[in-house]
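The same chain A turns up in both complexes below, where it pairs with chain B and then with chain C.
Then we have the complex of A and B:
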């Protein structure tokens, strides 16, 4: 336990040393404020300027789904950069021979940040969601976002040999984001081709809320992310040992 | 010759660390998304995508490249070689601008290039990439960790990238017209056929690049001095 606390303190020091804590806390809040107040202003402007009806309102749920993922994404990106720096500096190798071990390292560098991000996401979603989402839907979205973020973080750190590749892969993982758009824009069953992407199930759960497909969407989303987590967890382990 | 070798080495580095594969996948994704969009908004979205990614990619990748060179002590070797500071900067920004221009052109040509101005597009992507890469370089040489780089580049990048979006709200004035990122956006929008471009602004952009080049140069020299303990 003491080793875990020491490792957490070490990680915390790295974050505070770089003032990253400010970005991690205020970044998602700033996004929430922009979404909550900026998007309706933009909507009003587009309606007046171009004489169109509601252009963005039908996609408020999409913005909310995106918001549920932002805090987790930001904190997990910071975590993956810390892991990559530790790997580049060979610090990680020393941590594994301490009582923390591999699972302890994953716990302090990925799981703990995700748990912290959960609470931050909850605050951001409760205060800044646009569609007046119900509490169960908010919790479900954050739950799926947590698993999705863990999968993305493990993907980056398991595949990247150094921070340059890490940044390239962080960029690439943004492509997975496409899945978030699919349930909102594709109505046919072709959409399920994107079912391999955790982001697809996050959006699918959003649009299915109130229907019989809501619970299956969450379960399938959790299974999809768990599948990727398992693959990249083992890949990262193989890479390190 | 030395310059060409330097560019070739930077391109090899980018290939080795997966930049080309990553951008191939990203390009295909952009093309897929754009083809899926209705014609009425496709060109506007295309312009925004080209401005915010291919044109600005160097801003982020420059950070990773410089930090990696610092941590692997590549810089010590580079600066004891005959290569000059300007050649070092030129090699980096030019090789990154080649990716930007190729990606941008691929996206535009694959999603029906109709009435846009191809010359304007190439100038916008090329100069835009050089400008943003210089910003990345200016920040990267001053920091020692990727997170610290992000902390510097995100606010700076946001401040620089925000003004062009005012164009979509018909907000325009002289200061905006000579603002570097606004010029880059206009060149790209002219490239996809949304606005007409006055090439005089390209000259203004080159002036901005010159100023940022001098700034980057000063920072790189400081970095070399700190590496050699002077």
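Then we have the complex of A and C:
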């Protein structure tokens, strides 16, 4: 336990030494404020400037779904950058032969940040959601976002050789975001072609809330993310050893 | 302290990388693994330190089967990897304080460790500003901070100037004197001959010979005496074992006849013995 606490404390110190990581820690709240107050202002501006009706309001649920993921993903990205830096410095392999061990390393660098991100995301969603979402829906979205973020974190740390590559891969993984848009804009069964993307099921759960497809969406989303987590976890483990 | 019986290990299903190894290391002993790159030294060290656990046979450290270890196993083990594993953005003292904080045991004062390797004036300098040799020295003392019973040292003097290499070797001998068991992995036969109580020659995952450096050298005839003498106008060179000089009739005769033109002894190095035993070079 002593080693775990020491490792977590040092992880925090690593964040405080890096301005980019420090900014990313406050990112979820910053995004929450921008979404909550910025988007309605933008909506008002577009309506007045172009004399249109409500342009963005129908997509408030999409913004909320996006926020649930962004809040979690930012914290997970911080942890993946710490892992990549420790891999760069050859420290990760050394920590496995200390009282932290491999299991402790995974716990302090992947599992703990995800748990922290889960609760931070919960707070952000409760205070900053636009569509007055119900608590069960918020919890469901954060649960799926948590698994989705874990898969993206493992993808980044298993594929990137260093922090610079990690940054590039984090941006590249944004392509997967397209799955988030599909359930909102595609109404036919073609949308299920995107079912391999965890982001698709996150959005599908959002739009299905209150229907019989809500629980299946959550289950299929969890299975989809678990599949990618398993693949990238094994790749990450092979990289470490 | 360390017992290895019928150890085999493979990275794939088809070919064994470590083949049927058997040896033991006593408490307070410095034991060296000598072998060329790719011989299996690092794999063996990974098995002994619990990184690779899918081996066949038995590997026991302090009567604990290594594949069944928990993380407390590392409280008594110190490892100095060949390449430094340090946080580049943090200072030397911050690195030592962090790594020390992982252990429950009583620690050696970090400044004392830095003094031991001449880094006391660089305690507050970032590791990213250290030279390669400074990183090696800091990496080495990092392995000592929790006063481990067993030390695994991988090429500890690699890349160091002669003065700092001497400092490191003295620390290793001090550790042995205080009862620590040390496993040394190296290409450097001079270090091995000087530091190790026993060495194992490892080639292609097998132990080809295991003994004290002295016995290995003596087993191949030990020190030779080379001499030359004049036979008419022709100079002839001969070699004899140092222990057989009294029974060499030619040497006796030419000494009596004052025909000796040169004489000197030559001792084989551990590397010579390694090449003779294994048919391979150490590099």
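As a convention for this text, the second predicted complex is superposed on the first by the 235 of 241 C-alpha atoms of A that agree within 3 Å, B and C clash if a C-alpha of one lies under 4 Å from a C-alpha of the other, contacts with A are read in each partner's own complex, and residues count from 1 in each chain.
The criterion applied here is as follows: a residue touches a chain if its C-beta (ideal position, glycine included) is under 8 Å from a C-beta of that chain, and two chains touch if they have at least 3 such contacts.
Keep in mind it's a predicted model, so treat the numbers as computed, not measured.
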According to the stated criteria, A:99 is in contact with first (chain B), second (chain C), both, or neither; which is it? second
Using the superposition on chain A described above, determine whether A:6 touches chain B (first), chain C (second), both, or neither. second
Looking at the overlay, does A:36 come into contact with chain B only (first), chain C only (second), both, or neither? neither
Have a look at where A:84 lands relative to chain B and chain C in the superposition and call it first, second, both or neither. first
Answer with first, second, both or neither: which of chain B and chain C does A:235 touch in the superposed model? neither
Using the superposition on chain A as set up above, list the residues of chain A that contact both chain B and chain C. 14, 18, 85, 88-89
Partner chain C, residues of chain A touching it in the complex: 2-3, 6-7, 10, 13-14, 17-18, 85-86, 88-91, 93-101, 103-104, 241
Spell out the part of chain B that touches chain A in their complex, as residue ranges. 17-19, 22, 25-26, 29, 32-33, 36, 57, 60-61, 63-65, 67-68, 71, 145-148, 150-151, 154, 169-170
Contact footprint of chain A on chain C as seen in their complex: 49-52, 70-72, 74-75, 77, 79, 81, 83-90, 98-99, 101-104
Which part of chain A faces chain B closely enough to touch in the complex? 14-15, 18-20, 22-23, 27, 45, 49, 78, 81-82, 84-85, 88-89, 161-169, 171-172, 174-175, 178, 181, 185
